[in-house]
Amino acid sequence: MMDFSVALLYVFSGMAVAGGLGLVLCKHPIHGAISLLFSMLSLAGIYALLDAHLIAALQVIIYAGAIMILVVYIIMLLDLGSADAQTVYRKAGLMGLPLLALLLLLLGQGMISVAGDAAAPPLAQGPVVCPPGVACETDCGDGVDQDGDNMTDCADTDCAGVAICFGTVEAVGANLLGPFVLPFEIASVLLLAGIVGAILLTGRKPGELEPSVPPPAIQPGSIADASGSSEAQDTEGAV
Amino acid sequence: MTALLDTLEGTLGGWGTTLLVGFVALAGLITVNAMFMVWFERKVAGWVQGRLGPMEHGPQGTLQTLLDVVKLLGKESIIPAQVDRKVFLLAPVVAFLPALAMLSLLPYDNNLTMTDVESGLLLVFAFGGVSLMGIFMGAWSSNNKFALLGGMRAVSQNIAYELPLLLSAMAVVLCAGSLNLGEIVAAQTGENGLWFIVMQPVALGIYLIAATAETNRAPFDIPEAESELVAGFHTEYTGMGFAVFFLAEYTYMFIVCGIGATLFLGGGDGPLLPGPVWFILKVYFLLFLMVMARWTYPRLRFDQLMNLAWKFLIPLSLINLLATAAVLKFVEVGS
Amino acid sequence: MGLYLRFLPELGMLGLALALFLVSVTIGGESDALDERRRDERRRTAAYVSDRIGLLGSVGVLVLAALAIWQNGTLFFDAYRVGLFSQLVKIVLAAGLVGAMWLARDARNIPVRDRPEFLLFMTLSTLGMMMLVSADELITFYVVLELSAYCLYIMVPMASGHGSHNEASYKYFIYGATTSAVSLYGMTILYGLAGTTSIPAIAAALGAAPSTLALAAVVLAITGVLFKLAVFPFHFWAPDVYQVSTHGAAAFIAATSKVGAVAALLRLLLVGADVEQLYWVLGGLAVLSMTFGNLAAIAQKDLKRLLAYSGVAQGGYILLGLMGQDSAGYTAATYYTIGYLAMVLLCFLVIVEVGRTLPESEGGRPSNVLPISALDGLHQRSPVLALALLVGLLGMAGVPPTAGFTGKWLLFKAAIEVEAFWLVLIAGINNTIAIYYYLIVVKAAYVHGAEGQPRLEPGLMAKMAGVGVSLAVVFLGVFPQWVVPALDRAMNALLGG
């Protein structure tokens, strides 16, 4: 009989793929968004099966709880109906399908070739083996700081690959403030830029808007239309 | 009882038994809690307003809700013609299901947690976010302007108040040093344990206000403000659909108060009585506070509501979090 | 101290960004208590102060980058690799920032109140590019790629107060977000194949077990960078964005961000060092890009659009140098990119100066378009600017003795060495086409009369900059031996690990 967690893995994976397909195939944006929500939740389930409970919880809070809600909110605010979404799909599908097939082929081939030699090493169960001449946390479960670096047990990055520490809050935190401290910190700069940008582009008070000018008229049937640009003098079509 | 469990284990295996027993227990808890709360709320309302409240059926009207439930179940479920059928039917389920998961995460006593995970606190809040999606789906699919307005208000309100809720809980997490609800209780009940209400009174205040808003309760009940929006997001729901939304709401009240009791009041800690009893008592004490708030304060306007969250509660909880971290660091360095 | 020294240019950039941010929230801070006149005054002060801070600060960063040139080693748990290659590119980027800051110093089309933020985004974007050059780990790489790209997305619509500019902004943002998602997808496959996010380790893993999946992953992963370089299938945004953004922002996107993109591509291609089929992918993109860019540029009537399409073509030339994945090709590509930076800045210098004289349009707001006819008679109106334009355009056309000629020569030579003769042939044909449309612009400036054109009065600084950068372009072209050996050493170090 199949292991229960393996069965769950298949269920979650199937749901994730089905949700993704739903996102692409649903005619109405809201239905698509709800499919995506299920996809996100299934991903959280997969993370939980991988013993990454913290990541699973964060996935649900951030993606299912915050991002998807905002996505749906904006779809509703803009009142996007299904009619808006149906125009160009066929052409896009014609172009996309061969690419998709190619990618699937490559991925499948790659997976079959990799499947034999399990890429990721299994998590260690026993004590941590220190590199010669370097002190490290040897026992990750005893509450004692062996190497004297003020980081005990799972909080020490030495323990990152040990089964009992994998995916714990301590281990994730130690990784974020250890090997991945640079992206972690730079993300804050990125977020600052995001906040300033959002305020800048949306936050003008009504009274401070530039004097309202009608946008320049688009000449009907101009070449600009053909290339999808409403700007002046796009002569791309002449090529 | 043990014999029954043994038989079950024989047929279903360990996993199946846990699942079944847990499910039955939670379903019972949800129903009883909702029925009790409706009666309790009406009684408190009567008390506050100097009248009797329900008295007709049973002693002190205790059977009133039971009869209400029967009436509700007997009603026809009407699905209006213009609704988005699939989403309309799915919405109550999405709103309600996370409640089950959240209830199973609560620590009713030492070692009495159905699913004991390392970051239980985060998971509870995470599922709370999912249930919001259910409200939203119901609001949108109803194709009704009152429902839609209610849904939009619910979303902006929930997003705004989720931040102080999480931040105030994080201050407690800093004190306890763990996200596991059982360990948070343990940190309050040990030899030198002190209920976190002593160390974190500000966080408790923020938590209670934010929790009231998160459950869309008065004075923060603008998503379903009767006087403006008929019934808000569940305007179009009848019969079972309405009942499920209703049930979800009361279950969430129980859950936020359960978390509150865990974080600030020492969970199942207390003299004489067994742990689960203490836990339930504390939960209902907090619920009593919420009910009193409903009958004491008038409903906030939308802008007041937003200002309270973004301009007052969030900065305050950030300051609280920072101060807590600083104090803990100094204590650690000092010792 | 050594550690700080290694991170010095980036620290300088962060400090500059912080200073600009503080100006924007303190001096430029809005207060309802102020009346309209006082508020306006404060905005002007903030704009003035931030302009000065931006220019001086970027010069300061250039100095810091020069100080840090001999640094070597890794930082942040090996996520960040500092070497001759990265430090050289950082100097170039800092120089590009100085140029763009100076061109944007009084961008007419950015509302005064948004000026500090505009410069802030320029700084942050450059910071992203600088870190991109050193990022030796995929997550870092992706985050800083996003940082550099996101700021650009904001800079484009900042020029507008109403809807007419939004189409280009949306195009830019949505294509950018999509390609970046594709990029991320490729990176996840790379991680899946190698089990690590460190670029050298991935390269080793891919080298040990080559597969077609690895090829697909690398191609997907470089998509985001190819988008920034505006190479053929990812070029759609370029003409519109160049045309509608303010001249300063366009200069930044056209010049500085291209340097960042090329350097990032060099860094990212390291993962595919042993994936041989990349040769064909990059070669194919190069051909498509040059051919399309050059053909489309012929038909343009707007100078900025023309530069955009020519930029697409130039991206193709640069890919020629990358396809062999050897140090000669990388050297040629970097050398050419440095020259290209100078030449584009020259063109935009002229665009900014000429753009100042154009009549205001679009409802009292300065227009961002610059028809080629606006250059008529430039040699009579301002000989210096005409000369700058000439040098810039001829440089891009690859006429000796400019850096453009030497750079193309190096590129073609590197391509022939990796047996891509057919490609060089196509590139040569393309170059001939390119000369045609560059000469159209030169003709407008030198042959057409100046009748009916507004007077042009470039400031002393503008003239000096024009002459100085022109000289630099020629100097770089005539004495490549001053730069190429250093680049060669940098590339060898980069490829050697």
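The letters A, B and C name the chains in turn, as written, and every chain counts its residues from 1.
One rule holds in what follows: a residue touches a chain if its C-beta (ideal position, glycine included) is under 8 Å from a C-beta of that chain, and two chains touch if they have at least 3 such contacts.
Predicted model only: the values in this text are computed from it and were never measured.
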Which contact partners do subunit A and subunit B have in common? none
Per CA centroids, the chain at the heart of the structure shown is A
Distance from the mean Cα position of subunit C to that of subunit A, given in whole angstrom: 28
Whole-angstrom distance, CA centroid of subunit B to CA centroid of subunit C, is 53
Spell out the part of subunit C that touches subunit A in their complex, as residue ranges. 14, 17, 21, 24, 75-80, 111, 113-114, 117, 120-121, 124, 127, 131, 137, 139-140, 142-144, 146-147, 150-151, 153-154, 157-158, 161-164, 167-168, 189, 192-195, 209, 211-216, 239-240, 243-244, 292, 295-296, 298-302, 305, 362-365, 369, 371
Across the complex, what residues on subunit A touch subunit B? 4, 28, 30-31, 34, 37, 41, 44, 53-54, 56-58, 60-61, 64-66, 68-70, 72-73, 76-77, 168-169
Residues of subunit B touching subunit A in the complex: 15, 84, 86-87, 90, 117-119, 122-123, 125-130, 132-133, 136-137, 140, 148, 151-152, 155-156, 159, 162, 178-179
Give every residue of subunit A touching subunit C within the complex, in rising order. 103, 106-107, 109-111, 113-114, 119-121, 178-183, 186-187, 189-190, 192-194, 196-197, 200-201, 208-216, 229-236, 238-239
